[in-house]
Amino acid sequence: MAVPLIDARGIVKSYGQVEALRGADFSLRGGEVVALIGDNGAGKSTLAKILSGVERPDGGTISLDGESVAFGTVEEARAAGIETVYQDLALCADLSPAANFFLGRERLRPGLLGLLGVLDNVRMRRETREACERLGVRLASMSAPVSALSGGQRQGVAVARAATWARRVVFMDEPTAALGVLQTRRVLDLIRSVRDAGVSVVLISHNMQDVMAVSDRVEVLRLGRRVAGFETGRVSMEELVGAMTGAMEQDERNGRNGQDEAAGRDAAGRDAAAGPGEQAGPGER
Amino acid sequence: MAVPLIDARGIVKSYGQVEALRGADFSLRGGEVVALIGDNGAGKSTLAKILSGVERPDGGTISLDGESVAFGTVEEARAAGIETVYQDLALCADLSPAANFFLGRERLRPGLLGLLGVLDNVRMRRETREACERLGVRLASMSAPVSALSGGQRQGVAVARAATWARRVVFMDEPTAALGVLQTRRVLDLIRSVRDAGVSVVLISHNMQDVMAVSDRVEVLRLGRRVAGFETGRVSMEELVGAMTGAMEQDERNGRNGQDEAAGRDAAGRDAAAGPGEQAGPGER
Amino acid sequence: MKVVRELGRLQIVWIGLVLAGLLVAFSVLAPGSFPTSFNLLNLVSDAAILLLLATGMTFVIVTAGIDLSVGGVLVFSAVVAAKVIEGTGSLTLGAAAGVVTGLGWGVLNGVLVALGRIPALIVTLGTLGMSLGGALLLTGGVDLRAPAELNLGLGLARWLGVPLIVWICAAITAVAGLTLAWTRFGRHTYAIGSNAEASRRGGVAVRGHLIKVYGLAGLLAGLAGHLSLAKYGITGVSAHSTDNLQAIAAVVIGGTSLFGGVGTVAGTVIGVFIPVVLQNGFQILGVRPFWQQVVVGAVLVAAVYVDQWRRRARDQ
Amino acid sequence: MKVVRELGRLQIVWIGLVLAGLLVAFSVLAPGSFPTSFNLLNLVSDAAILLLLATGMTFVIVTAGIDLSVGGVLVFSAVVAAKVIEGTGSLTLGAAAGVVTGLGWGVLNGVLVALGRIPALIVTLGTLGMSLGGALLLTGGVDLRAPAELNLGLGLARWLGVPLIVWICAAITAVAGLTLAWTRFGRHTYAIGSNAEASRRGGVAVRGHLIKVYGLAGLLAGLAGHLSLAKYGITGVSAHSTDNLQAIAAVVIGGTSLFGGVGTVAGTVIGVFIPVVLQNGFQILGVRPFWQQVVVGAVLVAAVYVDQWRRRARDQ
Amino acid sequence: GGGGGGGTGQVRVTLVQGLAGEEFYETMACGAKAKAQELGVTLDVQGPQKFDPTLQTPIVNSVVAGKPDALLIAPTDVKAMIAPLTQAKQQDIKIILVDTVVEDQSIGLSRISTDNVKGGAAAAKALSEQIGGKGKVLVISTDPGVSTVDARIKGFEDEVKANHAGVGYLGVQYSHNDVSEASRIVNAALAKDPDLAGIFAANLNSATGAGSALQQAGKLGEVKMVGFDAGPAQVKQLKDGVVQALIAQLPGEIGAKGVEQAVAAVKGQQVTPSIPTDATIVTAENVDQPEVQKVLYKAGC
């Protein structure tokens, strides 16, 4: 198997007194869907932000295609083909859906006007509407600002944007939290089709059905550390919940995941990186 | 049966060109859990805001305990014992969780200091922490502002707040969207216990499992109108999804809900108000 | 809370109607003196230079920033222009020097705001003091005079009966307005003001863009300095201490939010003219100076109130 | 983007260290003149009245508002106080009249902002013009004099060697600071500035609270007017046109965000003293006035930069 | 002997201007500096950014903290400056009042004052003469409440009312020291009274703005203008025909005399308690005469 697309080791990040990540590992190969799950406050969003270049880690190493990188700006991550649906969506509330969809990638008019930087609003609106409707999200008005959209409509715009622009990896931090039943299904379909197009997807979600439905692997974060990794086909929902809440490692009654404590975090991290055919046990706390 | 606690008829609300509600009906009796479901942009949040006094409707009537009211300020709704978890949470990002929890209801120090308006921060922090932990939400730092919390932690604060203060009704607009598995279960438990204490709950959710698990009745909004009402025990998830997306009313193959078109919206609304033992059919569009 | 941008467009209609209403009212009350081409032309001519400052300020405020330094930069640039003309004898070099000087101050503001992450109010308050002090140092506190060929040339030149300075300011304002409304540069300006963090995450080069925006405001202040030198024939070292507030007020009257993300140059144009027209009209009506201050203040609030009220009615 | 409130507390430590550094530096450079009780007392005494204005401004800015009218309200109140004393001969009545007048202007601001929903900048720009114009109308443009018993009484009185006016301003500032930090009133002030809509939904009486906050700022400006009348013996109709900017600058230097929700009165106190100390120190060092402007501007930016930089280092 | 100074024997004098960066006061500072150099004394110059006692008081306080031997000051208010100057007096600093005075006669060992009322009257005479004794005249001032400017206007008004019956006085407008504001005022005035005959611009920025408006309207020279002060910029305006007459005071001489008196006071020599100075009317005709050349202000030093 080739080197992982993203390989993050021992990522540490604290905000003042709060340690959001305490040495988290994460790795991702090309063309796979990895679910990143964990309790509230486990550090999932923080990890996603660090791997998207939004936040700078306090410690740890990140390599991309085997080469060590020091992400610290979004531009670098974007240049590497990484897009993200942030949990807080990161939309400009005063701008229209189309302006947000094309933010930083505005389409210009053809010809001289384009050279002068004149925007092609008609085209951008059309493309945005199309991308949203593909997700089943109907926008009542294309010129109303994002602040006038319903929660689900906003999320639809953010998901459509990331999926459209990603070339290698798309991080989706709870992309369906505000979406309706139909829209959620469409997003899961989208994740699959994006994966089929060769783009890796990292899905952060609290919905175990969705996780089971769409992911190839599941990585579990707890209190800022990776504590377990599973192959989706071979794990049950109860096991996932147990790993998230820490119930499992306390009683270790689950044979398949009850590996030796000595395997520990590092072992688990390496396992996960090695291939989807294996699954790692829960690490120590 | 007594008069409904809340009875809203023909609520109309437009924002500029966009008609968010086009004559929606809604009614609620004491001590019941009603799920309000619908596609993205169906107008659920708008309806919740109107019934919480945050927005003023353009048309329609609202009565509370059979008396017509003209909500238009949050104070009135609060005075009537109505609390709300807003979809956008409506927290002050710069303030601490405790400050948000007690916003507008600050606890003062006992004695003279209290008369001077001095806050009892210690007590407010303690009570906030307790209320959040009852939901399984751990707050790493009680003095950090809400902007430093994870998505789930924020939602936990908002849910705990509304549930703590509600005396008659609590509207919960997607209260578990950002919550983990455990926390979601706790919120569903909370909804039940709140109901058992005699407080009505309106649950807006896209998660049909949760809706089925906790609600007594389900009301369906589509394109700004109430299109169907069901008793939860007698409806399947497919039927709910069908009613939301409009698939059902198009082919009308579902006998139980395929009432005469003439029953129409008003009939549906009255039915729903009549009692939990009945269920209304989908209204016309 | 934030004003819907679409309505932002409509808003111009309303605040524009307020201005039109004022013009009509004064024309009715003083038919012989107010609506004369002589008076209106002078009115436009006196507002032209403020218009440049307010246009730059619009960009800055749309990014949720503020620029208090414009008056100081104007004076400093005028002094540099005057010195260069005096030294080289070339009007073109002088104009260029003034504009470049303004740009320099603007870029300094932008760098301190964007890279130093110091609040814009403090940065520009600091550069206001520095540029004004610098201008006084360069001149010893004694106003420099423009050479006659500038003052009598550019200062008095007319085209189609309208002063050249008005044409220049109007053209630049129009270009700036179109840039803000229709180009990528403008789009990024709105995006940063609406949500700087989201813009950064979206891949907008926020820092670079802020430097450009403050640079633009400085450049326009520099140009304003040169034009002011031409028009008034003097550097006016003590004369521009209220320029910043005047420009900010014009921008806000025009519907731009101090919290960023919303606003138009067209609104600013109207916002420049409302106080100017009020002042002119009341003076022509013979309102006593102290009363003028009172009435202008009250009418200003009322004008914006009408505008807000109409907007809210639509909003409901 | 918004500054963590907890760090807001710590920030005072840093900006306070900057002030302490300035005090030490000037003491070393001018050991015989700067750190004398005579000089420091004068320094405090000269800053006292601005402190009142800046304290009121802190509340206003924490609600994400702004008050440009303070200087005008100060003058108007001073004029009313002087007229009442002249008319009735009672100093107490005069003081009361001044304070009540200030409160009235503040409440007017608050009503227009809260109920009229007009941008605070426009409202207070309008009331600035109205109050200044009104003061000029009342006086005919000629400064009124305070009666000798006020000027020589309250104006010169000392307690424990410190001017009474300083005690008054310090006491009021302390009470205001404690109110903002520890009481329900303060909590609601922060809440409104942080998210007015969320506060409204949370049941905070946003409009009433805003009226109170602007009323407080007006009241303090009215009191400042009376104290200024006592201290300087004149109403100073032309003297207060930059008070608003000075007060706003002090508030922002002290770490309060113009976007609301964050800030402390303690920070504002330091923010008042940094420019005052700079000016005083450079004057004592004999720096020429023009250079002073340049240097004060530069040091101001640097001081806030140090503060921001330290904060960011912690933040990471 | 050099009182409370650094003990170096060098006499230290500080000049506190009424307004830093204004030509009148800068010229005064130049005159003072030249004289200080001549007498071998150290001279510091300070001044507020506005003509305003609340801004001048802190400056006086910090100057006094530095304990110079003598203080030359142009008090910005006859009453408000008494308190800080009394403090200075108590510190044994010799006080010389230049340009303006305070009410308290015991302050100021010497008072070298400009009579602004007289200057205003002179402006009225000059303007009346320019317009041939009849026509409407307008006054443009900076801000209300600036005592020196108010005095000029008062002198102007009184003189017009008393001695120039043919002159129609239109009153004062305030430009807030802003050139474009002054220009707007004159525009509106011309729109309202197309037969405007004369303008008295009470300070430089007002004259500049008014001149620009007249120039744009093509009424330069037709509407007569009288300015105050005779700095290089004003003299240029005079020569360009923007203004027809200037009222020149003697700031340089006031500065020089002030230093002379201060040094005398410090050294315990005889001082002259009161030295009034006069105002001169400068016109295009007399500007090149040597005795008028002498009174023109100098552009820096």
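As written, the chain order gives the labels A, B, C, D and E, with residue 1 at the start of each chain.
In this section, contacts are C-beta pairs under 8 Å (C-beta built on N, C-alpha and C of every residue); 3 or more make two chains touch, one makes a residue touch a chain.
Keep in mind that this is a model prediction, so the values were computed, not measured.
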Checklist entry - Computing the C-alpha centre of each chain, which chain sits at the greatest distance from chain D? => result A
Checklist entry - Out of C-E and B-D, which chain pair has the most contact pairs? => result C-E
Checklist outcome for this item: Top of the farthest list for chain C, CA-centroid basis, is B
Checklist outcome for this item: Rotating chain C so its CA atoms sit on chain D gives an angle in degrees, to the nearest 5, of 180
Checklist entry - Approximately how many whole Å separate the CA-defined centres of chain B and chain C? => result 48
Checklist outcome for this item: Whole-Å distance, C-alpha centre of chain C to that of chain D, is 28
Checklist entry - How many angstrom lie between the CA centroids of chain A and chain C, rounded to a whole number? => result 45
Checklist outcome for this item: Residues of chain E that touch two or more other chains sit at 20-21, 144, 176
Checklist entry - Considering chain A alone, which of its residues make contact with at least two other chains? => result 16, 141, 144, 148
Checklist outcome for this item: Residues of chain C that touch at least two other chains are 4, 6, 136, 141, 197, 241-242, 289-290
Item to check | List of chain C residues in touch with chain A within their complex | outcome: 2, 4-6, 179, 182-185, 187, 190-191, 193-195, 197-205, 261-262
Item to check | chain E partner contacts - residues on chain C that touch it in the complex | outcome: 30, 33-34, 36, 38-39, 42-43, 45-46, 49-50, 136, 139-145, 148, 155-156, 163, 228, 231-234, 236-243, 276, 279-280, 283-284, 286, 288-290
Checklist entry - Which of the residues in chain A end up touching chain B in this complex? => result 15-18, 38-41, 45, 87-88, 136-138, 140-141, 144, 148-153, 156, 174, 177-184, 206-209, 241, 244-245
Checklist entry - Which of the residues in chain D end up touching chain C in this complex? => result 1, 64, 66, 68, 112, 116-119, 121-123, 125-130, 132-134, 136-137, 141, 196-197, 241-242, 245, 248-249, 252-253, 257-259, 289-298, 300-301, 304-305, 308-309, 312
Checklist entry - Can you list the chain B residues touching chain D in their complex? => result 52, 54, 74-75, 78, 84, 86, 89-96, 99-100, 103-106, 108, 116-119, 143-145, 147-148
